[in-house]
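The following pair of complexes shares a single chain, chain A, combined with chain B in the former and chain C in the latter.
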Partner chain A sequence: MNAALRDRLVGYAFVGPFLLVYAAVMVVPLIMGLVISLHRADLFGRREWVGLANYSEALGDPVLHQALGNTAMLALLIVPPLTGLALLLALALNRPGRFAAVLRGVFFSSLVLSVTIVTLIWRFILTPDAGLIAEGLAATGRAPIPFLSDPDLVIPAIAVTTLWWSLGFPVMLILAGLQQVPGDIYEAAALDVANRWTVLRRITLPAIRRTLLLVVMLQTAAQLQLFGQAQLLTGGGPGGASRTIVLYIFEVSFGRWELGYATAIAELLFGMILALTLVQYWLVTRHEEPRA
Partner chain B sequence: MKRALAFGFAMLLAGCAPADDRPTIVVQRFFGECGAAYGKSTDVPAAETECGILTTLINRFEAENPHIRVKVNVVAWPGYPQLAAQIAAGDPPDLVTMHQSVIADYSGRGLIEPVGPLLAEAGIDPATFTPAARAGVEKQGKLYAMPWDTIGRLWHINTALMDEAGLMRGGKPMLPTSPEELLAHARQFKARTGKPYLIQAQVSAPDFHVALLYTYLLAQDAVIFPDARHIRLDTPEARAIVGTFRQMNAEGLTTLNQDFPAATAAFTQGKGGIFPVGTWMLGPYDAEAARPGSPLHGHYAVAPFPRLWGHDAAFVDGHAWVVPAAKRSPQERAAMARFMGLLARYNYDWSRTGQLPAFAPVVESPAFAALPHRADIAALARTGRQLPGYVERQSAVQGLIGEELEAAITGAKPVDAALRDAERRVNRLYAQMM
Partner chain C sequence: MAWTVLLSFKSNAALMADSGAAFAPPWTLENYAAILQGSLTLQWLANSLIVATGATIGVLVLSSLAGYGFARLEFPFRRSLFVIVLLGLAVPEQAVILPRHQLFAWAGLHNSYPGLILPSLTGSFGVFFMTQYFRAIPKELDEAALLDGASRFTLFWKVLLPLTWPAQATLGVFTFLAAWNDYWWPLISATTSDYFTLTVGLASAQMNYAQTSGLGFLMAQAVFASIPILVVYIAFQKQIVRAMAGTAVR
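This part shows the complex of A and B:
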């Protein structure tokens, strides 16, 4: 056995266990899902081959179109502000000292709450009956705002809830990225009397470019799968105005028992997330030199 | 170091409890969570509200049967998506609360088992079920559940505000007898009290408008489900009903933007005249009316839905206990039978919530007759109607119709379009049903 072959086998031995588990919990279910999506199937094991009928039905389903629009709007309202806010906070908190450490903990703390608690908190804030905002408005003689029942306000309300909940993780990722930037570059910039804006634009942002890409990719994938907030805050209402794709998949599979159709929508969502992630990656890295 | 290790090991061993070999039953229910108030309560006659009484009943069962272990899953209403997932995963609970309208979905697929043998073991005679309760649980000639009550919708009325609005006569509230009179009463009420005539849960409460629609369609003998695979909603009757309640919203004659908890609280706070909600609020509101200082104190009345269209009718349903199909030991089955026996034994206490009992001897008992307002709602037992027995997937159908009605009544969608969409979505669901 030559050295190259031995090295390759050792490599496979290292990644083998992971690949086996990954295949068992990700690849096999994905393939099973594809097979089920080609059937009219109920939740309890009945199957009837229908080919691509579920997919063609999905393309003409107005409820799915509405859910797709809602989900896209949520992703747009969440991902860019989340990335921007996380960047600002990380820049502000990227310093030594106890106060900054405490604040890092504070911003991370919302992330450890479950979605049930988060939606409960925001229900207390948003509900027009004795909610925090409603009480504040009442104190100034104004009418309460129905954040959770006005079709035009539910999506922003869910977006704000999600922003509050999700801020901690991107802040930590960007902080980790910032702490990888070598200090001597900043020293050189200081010697050149570069102002703070120039340092940010010419040094910091290019240095954490890949971290920002990671944040955007992870958050895009996560927000396209938004479920708990919509289910618990509004149940997808009013009139489907806040129904997301995953909430629709849940309703179709566990409420209507149409597993085949639900799986077809899930496969479409998977394809959409994969395509978007690849496009984002390509957009950010297309001008970079290939890594050695 | 060795001593420390030995001590730690000894503590670990001391922490190990002996194996619990008692038969275990898993009870899955909705009706909410109230462990803070009733977590230790075993005094059933002292308990109030659906949640309080049921929690106390389960505590009582555990106290009376220390040889049986009870695990309780409290699910958010109605809990059917969770149940479907549990059954699909092969891990169903043992006893589950289920609306009688939903039983056919599960019995037809063999997902729940007939309960005749369990009822026999519990000493419960199905001949004592009320006709409505028996009709709700008997499918294909077999009993698939133990019925627990019959539920309907009522108008819960704040008589102080009705009096202020000039809508009381002879000490009784004047109820409308036509849609035009409903609007006239509501306008008069608002003009004189400054408050909305109706309190309604219109957010995240799909069943609310559906009960209204079903009730007034049944009152006109409209055929809602011409067969097992179709619904008929895009009709003049449905348009008139939905249009009237849309008008109520548009004129601000009802509360807006409230979910069920907010609407429930609004009624006790005297923020509106009438709350059209279920029999289950009769007990809690009666208790509130007895409390000095409450806006409802001494000013509470109930009535079946008024006859606005057609004849007297009310859409009714019922709660029942079903047993998902699964392998169980004789000891577990005996434990389940004992649990059912206890539930049946306390059916009178359950009826204190406001629901109509499922057992005829309880209905005929002086104790039940002596409960407040029962004479006012007696008509419900006579006029109450369920949907035809062949109508499946009623919970899912209710969700689809409720969403479209919510859009129509709140003005987000034209009535015609909402009813057409509801019809299309329900018919599609039936077309896909296997």
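This part shows the complex of A and C:
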């Protein structure tokens, strides 16, 4: 066997195991999904070709429209404040010292909780009978607020829960980004007696814009897929006021068993996330020099 | 969070009377004792440990091998294969989860540990992360080792792999966290309570919490479920921050 051929085989030997799993458990289902979305199919094997009918049904489905609105609202209520809060916290915590280190640990710790436990905690904070907030209101002589059963309050309540849960990861990413800004830039700025606001706006923010972009893209994609919090806190209620797209996909597939239709909605969501990510990427990088 | 911990130490009777009672003594261990005696919680804990550990080891092995291959070796279609792997980052779980459910049903993989672990091994992020890390290691090391007559695998195993320890720790902890906290897939793949992970098991208890043993017990379960993950997290926290600063967001 000659050396060049052996080198190639060695290359495939290293990447092969991952590619096999990736093909079997990722690429194959992705293609199957596209095919299923063109069928009227259920979980019991019934399957009949309907072309794009699932997609046109989705466009006219009022429940999906409501879910889309709820999901968009949640993403809007979560992503901008989350990014802003994470930036402020990271700026405040980006310093040596024991106190900052302890606080970093505290903010990261909510990250390790599963959605089950997060919703368990927040359900008992928000619930109107004997919840933490209700107790506080009662102590000052006010009536409890039914956060999870008022159609106007349920989306903000889920947003706050998610904010509390998700804050750790963006803070961590931004901290990592801040640590890569070369220290001598700040020294030069200090020599030029720039004030702190100018330093932040002119030096820090431009230096970490790629990190911020990453945070916004990851969070947008994650919040458009919000599922567990809504399912466990409210089950999508009251009256669908907090049903998200993914919760609807779950209901359609495992409640109504309409696999074809559920998959079609999932593919639409996939397209939406991909498009949004590309637009965000383009908006942030269009003024930059192309990078190697 | 502190409130949860406090609640878990209260007897259910006291909580029935007044949920504000959590902030005052007497506290009790009875809820924790109930977990250890009764319910399936211990089985779920074991399932979660097996699934999360399996996923972590699998991801580290596959991603390290592939990362080294993509970073250092030349073979046909290397670039296009890498791009295909990167596209996986943009695929939301919902687009694949239903067909995957069918595929696994066909292969008889539901209600089994491989069935719960396999989907975690497809993550493109690990391969991307390890490729970046291997690229950052100076090539002179490879050349020196190859001149000494080391094989590709010896080079990978003995020389380069030990250098990737911070990356392994970071990727490992994140994989463990994600697998531990995953909800969707175990929810639909594990349908018998013997194969529930802790996340799904607690959720099933939570959904009909009116019938179960009360607030204090639930909170004890919640705290109980968080302990292993907190231990892992605290043990590796230093490495995580260091490795994130080094590679992740370049």
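Heads up, the rule we're going with is that the second predicted complex is superposed on the first by the 267 of 292 C-alpha atoms of A that agree within 3 Å, B and C clash if a C-alpha of one lies under 4 Å from a C-alpha of the other, contacts with A are read in each partner's own complex, and residues count from 1 in each chain.
The rule is short, and it goes like this: contacts are C-beta pairs under 8 Å (C-beta built on N, C-alpha and C of every residue); 3 or more make two chains touch, one makes a residue touch a chain.
Note that the structure is a prediction, hence the values are computed from the model and not measured.
Visitor: First (chain B), second (chain C), both or neither: which does A:186 touch?
Guide: neither
Visitor: After lining up the shared chain so the two structures overlap, which partner does A:240 touch, if you call chain B first and chain C second: first, second, both or neither?
Guide: first
Visitor: Thinking of the overlay built on chain A, is A:255 touched by chain B (first), by chain C (second), by both, or by neither?
Guide: After superposition on chain A, A:255 lies in contact with chain B alone.
Visitor: Pick one for A:274: touches chain B only (first), chain C only (second), both, or neither.
Guide: The answer is second: A:274 touches chain C but not chain B.
Visitor: Looking at the overlay, does A:36 come into contact with chain B only (first), chain C only (second), both, or neither?
Guide: second
Visitor: On chain A, which partner's contacts cover more residues, chain B's or chain C's?
Guide: It is C that touches the greater number of chain A residues.
Visitor: Going by the contact rule set out at the top, does A:21 touch chain B (first), chain C (second), both, or neither?
Guide: The answer is second: A:21 touches chain C but not chain B.
Visitor: Mind sorting out which residues of chain A both chain B and chain C touch, each in its own complex?
Guide: Shared contact residues on chain A (touching chain B in one complex, chain C in the other): 43, 254.
Visitor: In the complex formed with chain C, which residues of chain A make contact?
Guide: Those in contact with chain C are residues 7-8, 10-15, 17-19, 21-22, 25-30, 32-33, 36, 43, 104-105, 108-117, 119-121, 124-125, 130-132, 135, 172-173, 175-177, 179-180, 210-211, 214, 221, 224-225, 227-228, 232, 246, 249, 253-254, 259, 262-263, 266-267, 269-270, 273-274, 277.
Visitor: Can you list the residues on chain C that touch chain A in the complex?
Guide: Within the complex, chain C contacts chain A at residues 1, 3-4, 7, 18-20, 61-63, 65-66, 68-70, 73-76, 78, 81, 84-85, 88, 90-100, 102-103, 118-119, 121-122, 124, 127, 152, 156, 177, 180-181, 183-184, 188, 198-200, 202-203, 206-207, 215, 218-219, 222, 225-226, 229-230, 233-234, 237, 240-241, 244-245, 248-250.
Visitor: In their shared complex, at which residues does chain B touch chain A?
Guide: Result: residues 80-82, 84-85, 87-88, 109, 111, 202-204, 206, 256-259, 262, 265-266, 393, 395-396, 399, 403-404, 406-407, 410, 412-413, 421, 425, 429, 432, 434 of chain B touch chain A.
Visitor: Of all residues in chain A, which touch chain B in the complex?
Guide: Answer in residue numbers: 40-44, 46, 48, 62-63, 127-129, 144, 146, 148-151, 234-241, 250-251, 254-258, 261.
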